[in-house]
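One structure coming up, written as structure tokens, with questions to follow.
As written, the chain order gives the labels A, B, C and D, with residue 1 at the start of each chain.
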């Protein structure tokens, strides 16, 4: 049993067969080395650009469970910045922020189909019949269209990606509109799933990309909390708004 | 009470006063936007290069508490990649990986002193007298010298950093050698503290840089664990090596 | 919107409509008040006895992912005992320790059936056909029989439980043996699921019982780690046993 | 290297030298076995009663960082009850809920002094001069007196505790009132520190008692959240109350 990620001896440190000091520090950026470690090969420049776009998109969304939790946990353990961030990251789950998997799983299935139009029909009809939301579609707030997907698609195109997953997502989008009889936007989650598949990020660790990106956003939330504390105010708000009452007899 | 980090309306999303879609995605990389969110201004290109070097350096160290925990926790909740990563990040603490603060606090104090030589003497003597390790110095393994600091200093110099914190750390290093009567290497922790101070990263969230970087490494550990599981083997090893025995009567 | 769990004013603190100081402290034990808070009513003495038996059973299993993680995380943040415990609890998941839900879900379904024999046949046949393990049955280690279920059933009987869930689990057990053509033990997970249903613990928070119980065990692991540290030794073991190697070209 | 906590073979499971099935399940309650595992010996009945009183006191405090975090994290990962609880427990830190250590450390120091009156004077004067709060004294809300300590002291007395730590805390309280020239209540944290010292709970894992107790309260919060969700409402409240605004130029 071996690990191929990182090891060291007295004089050198190696990451995936490369010398950290001689070949990586100062020569490759964070995004490249993240890809190298996670995927196992150095990315092409276009892949780096796409991964950067994904990481930037996911970095923060203002007030979310992740940021509220991080600030509350930080306020309880202010000497331990990592505790606030890690507590917040636990909310990158099946409901928010960690939800690219669903759409990516669909796209990874559809890409192998000969007749994509038929597959799109089938998938959308099945979701509609089961009253399940189509992963990667719809947004409670950004209507009629989420502004991020078109920009992300353009970045991928300019970066020279092949575009098959994006095309499939867009074809799925046209089918969604036709089958539901109204326009449902492709959302950021859907677009990110397509882009990460374009660059060969394995589905099984896609949620890790959200986690890395959000850890940066949560660091910023803690920095702001240090300057302008909100945690005690949030606490007071909640106490006033949802008071205790003896249970009904 | 306001937040200045991120907000959105139906048509746009803003990060620190900039439009995410128009101004950031595809135009600035992860490292730049992390700095923008955490520090509050877009970094100079040289600052980005230095932050990238720091993030790359910290990304992984092979087998550490962080990576063992992440793999064990992943194996227990394989549908929840974020749980494995967050569990591992909880070990970026006062002992490993989260230890730049100590050296950074020293350097931030010393930089304000007129007579740096006197301050260095005083600090090193005080640590020696109290038998406390000098933060940022020594390495159990990389002897006589940690290979990372010289490379990190060169990156900072090439990136046009002013270099005051680095010079102070080096002066502290010469004093350490003189006072202890033997050579103690500046370690990666010390060098990273100096570099992060050079780029204006606030001391109070410096540990967040370790967390962000290590979250990328832990994603890679989970990717490798998915391919070549080690968690059950580690468990068996520990059970065999540290068996249960009834307590002595 | 209200909460009915706990609230206070200057002179008193209330838990679920009772005065903490006058009615609970010194008058009811931990197990009773846990039930009161989680289920919403004070337990009958027999229910307390059964819940105590469940909590004792789950408290520890020696070396497991939970205990290894807790000790490693504690060693990294020794000033923060809660971090070690919480990190370990993250591994009370779908794979180990948090697995009563599956069997409990089956039993909650079967209890409503008129013809229990037919339902048992159907369920066991379906699991067998799908090659899915029967939740609550089998043990890698305790063969032919897990010693805990008979004891747990006896406690429940002596405590005056009605016994319908236990009887159903036992009937399922006989069906398992007949359908598989060999004896598969009812395991502790299965028995605990039945007992917790007997006392009216809601399925949706059953895993919380594991968490509470295991938090006590992990406190003990950290106490032992403080006396006889193992974390560094585990680390060394893993490093030696699973060395780094450059990836194959 | 050995562990003395728990181990098993095919036919039996042992906790600290006792057979789980034959000697513990159904014969000893959760509180007793928690003490057995953590402290290493079976408690006296009076010690169990005192530990129960401590565990009940700490179980919940309504809206606190722990409960807000647990509910928000649960809402983000509803299939993983342990994630909500563990996230909440991370806030049992140096600021709330995990704060008995400070007072316990004082009492453990004072108990060894010959002249307790002189020691009390010295300690209280030193805290006052340094403008540091006296650990275990004062309450923002329960004025003039926290109702829990008198009840806890009575439980300890009735349970036959020796009472030296309690007497010392009370003597410290009289000194506090004299030195500060006004009445500061002994708070629950102080009283719990004294009681846990009375029963021989090691200072180094005292915070574990809070964690165990609070894990029960958080299970109840998640149960209530499942019935009457608050997380989305809290989110909306915070968004409305602390809106995003572009940073000042």
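The rule is simple: a contact is a pair of C-beta atoms (placed from the backbone, for glycine too) under 8 Å apart; a residue touches a chain by one contact, two chains touch by 3 or more.
Since this is a predicted model, take the numbers as computed values, not measurements.
Comparing the chain pairs B-D and C-D, the larger number of C-beta pairs in contact belongs to C-D. Taking each chain's centre as the average of its CA atoms, chain B and chain D sit 33 Å apart.
Inter-chain spacing, taken between the CA centroids of chain B and chain C, is 37 Å. Once the centre of each chain is set as its mean CA position, chain C and chain D turn out to be 23 Å apart. Within chain B, contacts with two or more other chains are made by residues 1-8, 62-63, 77, 79-80, 83, 86-87, 90, 92-94, 230, 233, 241-242, 244.
With chains as nodes and touching pairs as edges, the resulting graph is complete, every pair of chains being joined.
Across the interface of their complex, chain A is touched by residues 1-8, 10-13, 15, 20-22, 24-26, 28-31, 33-34, 37-39, 49, 51-53, 55-57, 59-63, 80-83, 85-87, 89-90, 92-94, 98, 141-143, 147-148, 151-152, 154-155, 158, 202, 204-205, 207-213, 215-224, 226, 228, 230, 233 of chain B. Residues 1-8, 14, 16-17, 40, 77, 79-80, 83, 90, 241-247, 249 of chain C are the ones touching chain A in the complex. Chain B contributes residues 62-66, 68-69, 72-73, 75-80, 83, 86-87, 90-97, 230-231, 233-235, 237-239, 241-242, 244 to its touches with chain C in the complex.
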